[in-house]
Every structure is written in C-alpha cells, then in structure tokens.
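In the two assemblies presented below, chain A is common to both, partnered first by chain B and then by chain C.
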Partner chain A sequence: MSAAQWRKAMNSGAGRAAISGRPARGQTPVSVVQSGGLTPALAFVRLRHVLVLLALLAFPWLATPFITFQIGAQSLTLGLIALSLTFLGGYGGMISLAQMTVAGIAGYMVAIFGAAASSDASISLGWPWWLAVPVAIAIATLCAAFIGWLSVRTEGIYTIMITLAVGVAFYYLCLQNYSVFNGFQGFQRVQAPSVLGLNWRDPLPFYHLVLFWSLAGYFCVKYLLRAPFGIALQGIRDNPRRMNSLGYNVTAHRVAAYAVAGVMAAIGGVLLVWYNGLIGPGSVGTSWIINILVIAVLGGMRHPIGAFLGAIVFVLLQTFAIDLFDRERFNLVIGGVFLVIVLFSPDGLLGWWAGLQQRFSTMRPTGRTSHRGDSP
Partner chain B sequence: MKQSKRRFVRTLAGAAVIAAFSGAAFAQQTVKIGLLATLEGPFAAGGADGMRGAELAIKQKNGMAGGRKIELIKASSDAKPDVAVNATRKLVEQDKVDIMVGPLSGGEGIAVKEYSKTQPNITFINGSSGAQATTLVNPSSNFFRFNTEGAQWMVGLGKAALDKGYKRVMVIAEDYAFPYSQVQGFMSEYCRLGGKVPVKAWVPLGGKDYSSVIARIPKDVDALVVVLGGADAVNFLNQYEAAGGDKPMVGGSITVSQDILNYKGKRRDSLVGTIAGSPIADAYDAPEFKAFVADYQKNYPVSAGGYPSPSLFALVYYINMKAALDGLDAVKGDLSGGQAKYREALQNMTLKTPVGDVKLDSNRQAIGSTFVTEVVKDAQGNLYNKVLRKVDGIDQMLGMPKSEFQMGSRDVPNCP
Partner chain C sequence: MAKFWRWFWSLVIGIPIAVFAVWAVWDNTRLFFVTFLNGLTLASLYFIVASGFTLVFGLMRNVNLAHGSLYLLGGYLGFFTAQFSGSFVLALAAGFAGAALVGLLMQVGIFRFMQGQDLRQTMVTIGLSIVFADLMMWAIGAQVHQMEAPEWLIGPLRGIPLINAYSKYRMSLLPIGIVIGVLLWLFLNRTRVGMMIRAGVDDRQMLAAAGVNVNLVFAVTFAIGAGLAGFGGVIGAVELSMVPGEDVRLLLASLIVVIVGGMGSVVGAALGAAILGLAETYGLAYAPTYSVVFTFVILVLVMAFRPRGLLGRPA
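So, the complex of A and B:
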C-alpha cells in the first residue's frame, strides 16, 4: 500500500474505527461507524457535551469569585498546558518534560515585550498586548519546534532526559541572566489587558477567556486526532519503523507534533502568567515541570479530557488539603492521593472511569456487551 | 442559593445594628488572622519556626486582642511567589481573614504586596520577607512591615570592619536580591568611611564549586565579606581552607549561623573574630530579649521540635504578629470602616519588641535596631556570637537622603 492509499484508508470511516478501536476507547468506535454519513460537525455532539458546556458556563455565576478564579481558571490554564503533554505523550508517544518550559518562554516573552515591573525597568519593552502576545506565542512555538527537533531522535526515557535537561537549562538561564530575564526576581505585575471595556484580570472575564482557549485546545486536539496528521502520528507512536517504510517522514511528523503542542503550551503559558501576575525562575523550575507531568498522568493520557480532570484534582488538593489535615503535614495528603490514584489505576482518573463503566456494564446482562454480541 | 443570600443580607443588617449600638459587640466576634509561612521547600525549617514565633505572640495574650478572640488560620507556600499569592488569596477570599500576616521570603513579599492592592479592606502585615523593593518601589497602602530588611541588618558592620583594620575587602555573595541588599548595607557605610572593595564576586545560589572565586581573591585585601547562606557558606569555607586561604571573614546575616559555628575543619579557630550583622543575637542580654527566649523555650522545647534558641524567623514573625495584636488592642478590636482606624494605629504605634522599639516610616517600613556580632570561644571551647554593638533607629534609606538613595544591585554601591 502506498502512503497515499494508506492515508486515504485512514481517512475513511473504517480506517478511523480501526485506529480508534484500540482498547483505550470505550464506546466511540461503534458510533464513529454509525455516524460516518452524518454531518461531521454535529455527529459528535452528544447530550453530555451540552451538559458539560452548560455547567462550565454557569459555574462562575454559582461560585464565589475566589472559586471561579483560583480553582476554575487555574485548573483550566494548567489543564491546557498538560493537554499539550497529553497530546504529545498519549498520541505521539513522546513524553516531553519541556512543556512547562515552552509555557514559561511564552510567559517570559509577554513580560519582556509587554508591560511588566522589574528591578531593571529598561527590560520590558512595553508593546501593546495585541503585538506582544502573538510574538510571544510565535517565539515559544519556535522554541517548542526546536526542542522537538533536538529530542525526536530519542525514544522513551531518553526523550524524558533530554527534555528535562532543556527545562532545567532554561530554569538556570532565567535564574542567572539579568539582562533579559531579570534573574532571581523575574517580572511582577504582568497583567491581562483591559479590552472592550472589560478588565480581563477580573475573575469572571478571565475565567471565560481561559475557558474559551481551553475548549479551543480541547477541540483542536479532538479534531487533529481524526485528521490525517493525527492518524499518522498515532501510527508513528505504535510503529515508527513501519510508518517510515510506508513513506512517512517520521521526524517531520514528530517535530510538527511538538510545534502543535507548543502552540497550546504557549497559550497556556500566556494565560498562566496573567493568572499569576508575575513570572520568575520558580515558575519554570523542576517542581512545575514535574507538576505538569503529574497533572497529565493523574487525569490519564488516553483522552484529552484527562488533562483537565487531572488539573482540577491537582488544584483542589493544592488549595484545600491544608484544611483537611494537620497543617504541617498536608503534603502527605497530596502525595497520598496521587499515589492511590496512580497505584490503583495506571491510567489515572480516566482509567478509573473506564473500569467503573466496564464493571457496570458487565453487571447488567442487558448491557452493551450483550448487545454487541447480538449484532453479528 | 437565594436563601443563603437572604440569610447573608440579614446577618449583615444584624451586624450593622449591633455594631451601631454598642462597641462591646466586638467582644462577641472573633478576629480571623491568616498566617503564611513556608512549610515546604528550601525554607521549610525556617517557616515552621516562624509559625512558632507568631503563635507565641498570640499565646502571650491568651488568644485575645482588643477584647476579641483571635482565630488563626495557617497556610503554607514553598518560597515561590506564585504559590504564596495563591495561598494568600485562599486565606483572604475563601477563609475571609481580617488581617494577613506573611510571607517569609523576599520574592514572595513583593508578590503578596502587589496582591494586597486588590484587597483594600484587608490589612497585610509582613512575615519575615526582607526584599528592599517591597516597601520602596510601588508601596501598597495596606501592606505593613515591622521588621527591618537585609540592608538595614548590615548597618554598623562597615565601621566594625574598619575598626578591625580591614581597609580593603573582597565581597563574595550569592547572586540575587537579598545578598545585594546585604552587601549594600555593608558597603554604603564602609565606602563612606573610606574602605575599598576592589572585587565583588557574585556566585549562583546553591553553587558547589568555588575554586574560580578563590583563585580571584587578590593578595592585597585584608578580609573577605562572605554573604552566603547555610550549605553554601560551609562549602566555601571547606574549599578556601583546602586552597590554603587565611584571610579573616566578615559575614552576612545568615552566614555565621549555627552550622558554621559547628564547623569542624582546621580553620575553625580562625573563625574566631569573624564579625557579622544580624537582627538577632543569641547572646543579647537585655531583659526583654531574655524573657522572649525563655518563653520560646518553655512553649517549644527542643523535644517538641523547637530550636535551642529562637531563630531569626521566629523573632521576626513574632514581631510582626505582635504588631498586629497590639494594633487591635489600640483600637479595641474595631476593624470597621475598611480597617481605617486600625491602620492608623499601626502607622503611629511604637512597637515594643524583644530587640528594641520599632516605628514605621511613611512607606510603612520599620525603623529599628540591628546587632553587630563577633564570633568568640567560650570556656568549653564552643564558638558563639557575642554582641559587639547594637545600632538603633536604622531607617530604610540607611541614613542617606532619599534623593541619593539607590537600591542595592550588583553594581550599586561601588568603591573599587
């Protein structure tokens, strides 16, 4: 089969079902085949999608500004950065620890090109936000592609090592460079702009801004996974040598995946620096590099929603664990919960969910499994 | 939702009525104080001791201030500014504290000060953070700092160094804001009195290899000003000894700590005579300080995790928490009107602390005392810090006129 034919086959409904029929998917394969003939845009919209969207939109009106901002907006922002790792790791087979670094580069660039306060006032250029933000995202994406280009020739643990090295190198660069990154102190008062009469730093507008970009990232990943590029990427994840002999440029696909993930991480990074209002070496240090991995693993890497679920659990624990337990030992709760989730479900929260679903359906004799058995 | 809102309005109306009729009503209500320190990360031990200091201040008043009961709500950070702001935001917006005490380290302090501008109805009092910029650059009208900071802690040391005959010194310090201000505090006095600093070496925080720095030490300097913390200082001392160095040392506020004094190398004896500047001196013999130390030791014996003697963090958190409580006493617990009266009381009060009186300047920054200490050997052969001199009334400008004052950095001040 030539590469073109393979691509074509992958684009047809049957091919898609074949790919997504791997054990990770619950009920999707069946519906994909059924809905193949319908309008593609609406075919995937289900009741639960509408419910979740409504809940997300209604949430800030029911919650306090604190919950909206610190729990809602922070979870979505971290989720967006973790989503870029889920995309790379879950669908490209490349665990990159440099996603927080890419986000940090974007954050630093916003602080450097835009308006920020620092001990050396001459660093920030004070460009308007509509210029600074796209430039920041572009630079971060370029860096992401460069990191990808550096690390795609490695596999498994070596990818982790090289991306970790890049991340730590960037941390030390920020820590010790004073002319551009302002060293240990970094930048303060990096704030979201006021546009259209709205101060985007206020909890409500900021939450919706973050929600918009998180949904955009989520659906972008969902779309990509079914596009030829995403299918090829998953093929490369499963068997790079075969994809290579089929005529795919494995390196190019992987670098492109890094760049795409880089855009998401960069947008997340801009939102994160606006959320915190500051950036410094601590924001891109190893603890945050690891936190992003923890969020992605906690939620589960088998579906893009896992990144956001992981982020919600992570932020809730970080914020409220101190109320649950002895205040000097609350990290025990955080670590314990992480350990329990990963120990009992190697696939994170999504794995738990899938396990529950399966148990539920086997308990009911008229469930999905028996129905499927009838069909041939 | 609706019901809780209605109840909230009713509670508010009720509270307003009660408040209008009698001042005694305040006795019914508790005052919530948020306390933030680092219980994680590099300063976890210091943060825990800071919390002990703050709790001690509340214990000494039996949990009451201004006739109202104090409810303490703690939070933790890991010395990172973003984490500190998240923790503060939770205390203020979720737990609804009235007064906020914290954080511990410099970068956190600047970030929390910025956050305090968005919460004009809450009063923020510093924990132990000591960055100069917190109260010098864009100060916040509701952020108060009752402790002196890094540069103030070194006042008096320049003169002490010259008295010892050190006419030329080399500075070796970590490359971030706190050592900058420490070096500034030393040099502004030292240079003014005619001392020379031909070389300054800025080393990375947590560095392991000092051989290149040691190689740069000029032959003609009389002493080394070493502003390194904890493990960095021990590493430097080891390597300097191995390289055959013999110049005397002048230390920063966190350089000549107990782990340096317990140093076992051959150069141990040469540590005798090392002078340093610090806001706390274990051997200070004023009765107020002795009472504070005794009270600390009684409440937090070593068996319960306390230190043999309160650390810098315990003292500074104690001072700031005491200020918060004394302020409440002064206004009899009245926090109404956006805490305006309370802030006025804080601004105008003369705070009695174990190390002398503290007043605030117009940026709400402490004007207070500091110590010059010297390492000496006691009868058992143990090293300890003797008080050489206590300097009072140090302001943040270090005695300079405001127009001449520049914040400390790598190149400021300079006198080669």
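So, the complex of A and C:
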C-alpha cells in the first residue's frame, strides 16, 4: 500500500471503524456534520473518544487499587513501550526487537544515576529525580539512535536479527557486569519520587502519571503519522528506493524514527522500573524482548491503539491465566496465543475486529450511516 | 585511495590485536595458547550450529529464530539416548535425527504455506521458540543436564608443546567441526541436491522453472539445517551443558556468526564462528565482566563497514 492509499484508508470510515479510538484532543465532542467551520483538530473528536477518556479517568475510582496499579498502570506502561515498536514496525517497516532494551537502558540509568538499593551501594549516584530521569531518557534515546544507525544499514529481515542480537548482548552484559549493572541482582527499590506533596508510588497518582505519558505517546504518534516526517516514513516503508529517488534521505528518516521510538520506549522504561520497583537482567532478557513484540503483534500494528489493546490482553492473561493454568506455564499460553495470532490473524486483534466489522456491515449495508451524527 | 583505507583500517584493527597478542604471550604463554584452543573449539561448536542456520536462511530467506530451541532439543535427546544406550555415536545420531524431524515438520506443516512472507515466518519461529522452550522445561525440568564424554575421549591429551595437556574431548571438537565443514562443502558442491540448493540460493524461481521440486529441496534443506542444530546440541551437552537459557545463548551466537560471516555463506559461517569463538574466550579469559562487549564491538564494526557480512553477497 502506498503512503497516499494508506492515508486514505486511515481517513475513510472503514479504516476508522476498525479502530476503537481514543479522544483526539480531549475536547468537547463535535459531530462531523457540523465540523466544517471548526479547526481540523476538533473535527476528529467523536463521542467514543470522550467516552474512552472518561472511562480511563473514572477507571481508578471504580476499580480496587490492586486493579488500578496491577492492570491499569502495567498495561499502559507496557503499551507505551509496545507503541514505540508499533510506530517503528507498523509505519517504518522496521521490526526492532531492541525496544525493550532501550527501555531497559533507561530503567538501568534511572537506577544508576538516581537512588536505588543494591548489594554494591557505591553504584547508585543518588541524583535527584529531575536530573536522573532526563539524563536516563537522553542516554537511552542516544542508544536507540545508535541501534537504529546499526540496523538500518541492512534491510527487512536483517533488522530483526541485528536488533535481537543487540538486545540479547545487552542482557548478557547486564548479567555478567558487576561494576556498572550489578550483575545478576540488579537494583532494587527504584521508586517514583514524592513531588508536590504527592507520593507518586501510590496506585492512583502513578496510574494518572502513566495515563498522561501513554496519552502523550499515543497522540504524538497520531500527530507524527500525519506530519511530513510520518508521511515520508510510511513512503519509505512502502518503497525506499522510490523515496530515495525523490530526494528523501532514507537512512536519516529511519534513524530519526528509531530515535523518536527510543524516546517513547525510554519514558516507558522509566515508568516500568518505577512500576516494578526493581530492575535486573531478567527485565531485559529475551522473554521480555519477545513479550513486547507479542504485545504489539497481538494488538495489531496497523494503528497505534493496537499496542495498548495488546498490552491489556497480555496483562489480563498474565494476571488471570495463572488461575486457569499452572503458573509456570504462562510462557506456553502466551507463546500459543502469539502463534495463533501470527498464523491466523496477522493484523492482530485490530485485524480480527476489522474483519468482524466488515462482515457485519455487509450483512446490514445501511447500518453504518445511522450512528454517524449521533453525538450530543 | 580505497587501497589506502583498506590498509588504514587493517592497521587500526590489526595493531591493537597484535600488541595484545604479544603482551599476552609474554605475560602468560600457557594461558594465551589454552585460550586460543578454547576459542577454536568453541568456534567449532558455533560453526556446526550456525551453518545450519545460514543454510536455511540462504535458501529460504527464513530466519529460523527457533534454531536455539532445536539445539536444546538435540542436546536433551542426545543426553537421554546416551543415558539409555551408553553410546555417544548413537546420541549424536539421535540428536541430529530428532531435530531434523522437528525441522522437517516445521517446514512441511507451517512454512510451506507462507512462502515469501519473510516477516511472518520469522514471527512464527519466535512463537515456536517460546512454545518449544516451555514444553521442554515442562517435560524435562530446569535442572542442568551435563552429558559425559565417551570413554575414549575422557581425560587430557598430553605432550602438546607450550600448553602440555588439553582435554581430549575439547580437542576432538576441532576435527569434528572441520569434518562437518568439509562434508557440508562436498554436499553443497559435489552432489545433485547440493547443486539444487546452491541454485535455489541464487535464484529460486529459475530453479522451480527448471523442473525441480522446490518444496522437496526446501524440506531437505530445512531438515539438514535443523539436524545440524541438534547435532551441535549433543556436542554442546558435553562441552557446555543443557539448561533452559542455553537456547538463547546459541541463538545469539548463530545470529552473530551469520551476521559477521555473511548470510547464506557456509565459509562465512566458519569465519564468523572463528572470530566469535576467539573473541568470546579471550574476552572471558582477560576481561570477564566485559566479554560480551567484544562480541558487540565486532558486530558494530562489521555492520559499519560491511553491512552484508564479511563474505556476504547482495541478496
């Protein structure tokens, strides 16, 4: 699909209907019919966007703190990291398995520069959070750009191999190095700070912190995809040679995409280390490297919302599947689900949903138009 | 000018290595040469496993990320076969055959239906590797399985200049690796099936047009590639040990070997395995907590200057 066709598909009703969206700018709902004179930003807002935002905001008041923290915050955090992969893979055509590594680098840097408990107390520098976190994100972004620079030198299937090699190599480095990464034990008690009188470790503030950054990441991706950079990136995904002939610097766009995805993964990594409270080689090992891919593929890479959908399903499986199956067999469940999705629905849950919708609309051809203008 | 840069870079890379070698020999001669042999024997194992990986990729463009799982499977099969029959040769055969069978099933049952969809195939292999790893852990458990070397290979080999004694088993890996390499070369270059495989690497469609049953060639190649992983697994069950997690280690080794050596090239796999094996063992001997960094630096250097690998050709 060319970039132009892609945009068309994304803008058309069929493409939209496939996507259970979130509010575009968090504004009041404006029906499409009346939106002619308003700014384009407002024109995207639909009833369902407002409903989803309200649901997300109201969710912690309805759920127990355990659910808020364990399911809500965790899915959003993992979703943010997976979103960086969706951005790279779905729109840049580069499946990078190093996104968890970038997140892990950010997490490690927060633990190393900030405050953390470890068996070797001299490692953590104990910087205040407002210094440690930006430095961590900056370093992780630089690493992401470097990984991107390495892997864009080859194409397609090589990207997976190189990023996987980088990710696994980083895992072994964390495992065997004690002077910087504190080896097998890693760092414990890496906690979100108390700022403005709020303890951000508590479920409610932490959930809202994560929600803010997830929405920021989501809208950042949505915006980028319509910006010239995103359009060029999608063009490069579809036909790098043609874009090169048109005068686009293919390598620079790709490396920039890695850097942008790196920022998202790094923010997600900082949140994840605060969520877990610890980081060690296990956090960046192959199972987590692959879990991020599973999340992104599970939701579907055709739309940024897929990453969050996949994360919710993943976290629900992780939390509740152990009641149905043996706890030890979680990998089997997740591997099986992943296999089924890849084998039978390559576009993930979104593709499956789109397929259902299509069948539904062919059964009732006039059913779609009725709910177009029904906003308050 | 190009010649100048080639000289420049070989000096930049060569001089530190030469300086290190001279220092290491002067510092501890025996350690240096034992590490050298360790590196070569490890390289031999890496070559056996990675050659299967590169063979499959070269022909089918299928990055089999379940290759590590096949290695582990072969190792376990070899371990239990040796336990029941007491024969090392039988264990090797079982490891090869078992992994080859699973590889064959993967090709015939799954990959045949998604020809040309590289990315999807790779995703499937990732899923399979998760499932295989967990099934094996379920069936066999997470404890370490260490296989005994056959009796005629137990004990040290004495009387070698400079290092005096060296494990017979490890020493035997060197000829095994060379024999496998030569056999593979003969198979690819001197037999009819090998010729078809090479033709398929160059141009798959022309091969099909020439009346060859490509699916059969694919199945044979996949079986051999997977079988080599299983064969390597039996060897690795003695040299290293079998425990969940080893699959990832060997997968990483295979990935780096083929990235460095060049995808689809068996000679490249040998070269890559030698470089990786030496770098890893020297790293472990001289800078234990940073040994992975050397591997990584090699990867970066190769990607920076020869993105297709040392002996790779444009796809």
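Rule of thumb we're sticking to: the second predicted complex is superposed on the first by the 307 of 376 C-alpha atoms of A that agree within 3 Å, B and C clash if a C-alpha of one lies under 4 Å from a C-alpha of the other, contacts with A are read in each partner's own complex, and residues count from 1 in each chain.
The rule is short, and it goes like this: a contact is a pair of C-beta atoms (placed from the backbone, for glycine too) under 8 Å apart; a residue touches a chain by one contact, two chains touch by 3 or more.
What you see is a predicted model; the values in this text were computed from it and never measured.
Of the two partner chains, neither chain B nor chain C is touched by A:134. Contacts of A:126 after superposition: neither chain B nor chain C is touched.
By the touch criterion defined above, A:278 reaches chain B but does not reach chain C. In the superposition on chain A, A:247 makes contact with neither chain B nor chain C. By the document's definition of touching, both partners, chain B and chain C, reach A:176. Of the two partner chains placed around the shared chain by superposition, chain C is the only one that A:297 touches, whereas chain B remains out of contact. Touch criterion met: A:331 reaches chain B and chain C at once.
After overlaying the two complexes on the shared chain, residue contacts for A:95 are found with chain C alone; chain B is out of touch. Once the two complexes are laid over each other on the shared chain, residue contacts for A:185 go to chain B alone; chain C is not touched. In the superposition on the C-alpha atoms of chain A, the part of chain A touched by chain B in one complex and by chain C in the other spans residues 172, 176, 178, 285, 287, 328, 331.
For chain A in complex with chain C, the touching residues are 95, 150-151, 153-154, 156-158, 160-162, 164-166, 168-169, 172-173, 176-179, 285-287, 290, 293, 297, 328-329, 331-332, 334-336, 338-339, 342-343, 346. Partner chain A is touched in their complex by these residues of chain B: 1, 39-40, 48, 74-76, 78-83, 85-86, 89-90, 93-94, 107, 110-111, 114-115, 133, 137-138, 175-177, 204-205, 407, 409-410. Taken in their complex, chain A has these residues touching chain B: 62, 64-67, 69-70, 74, 117, 119, 172, 175-176, 178, 183-186, 188-189, 276-278, 280, 282-283, 285, 287, 318-319, 322, 327-328, 330-331. Looking at the complex, you find that chain C touches chain A at residues 61, 63, 65, 110, 118-120, 122-124, 126-128, 130-131, 133-135, 137-138, 248, 251-252, 255-256, 258-259, 263, 288-293, 295-296, 299-300, 303-304, 307-308.
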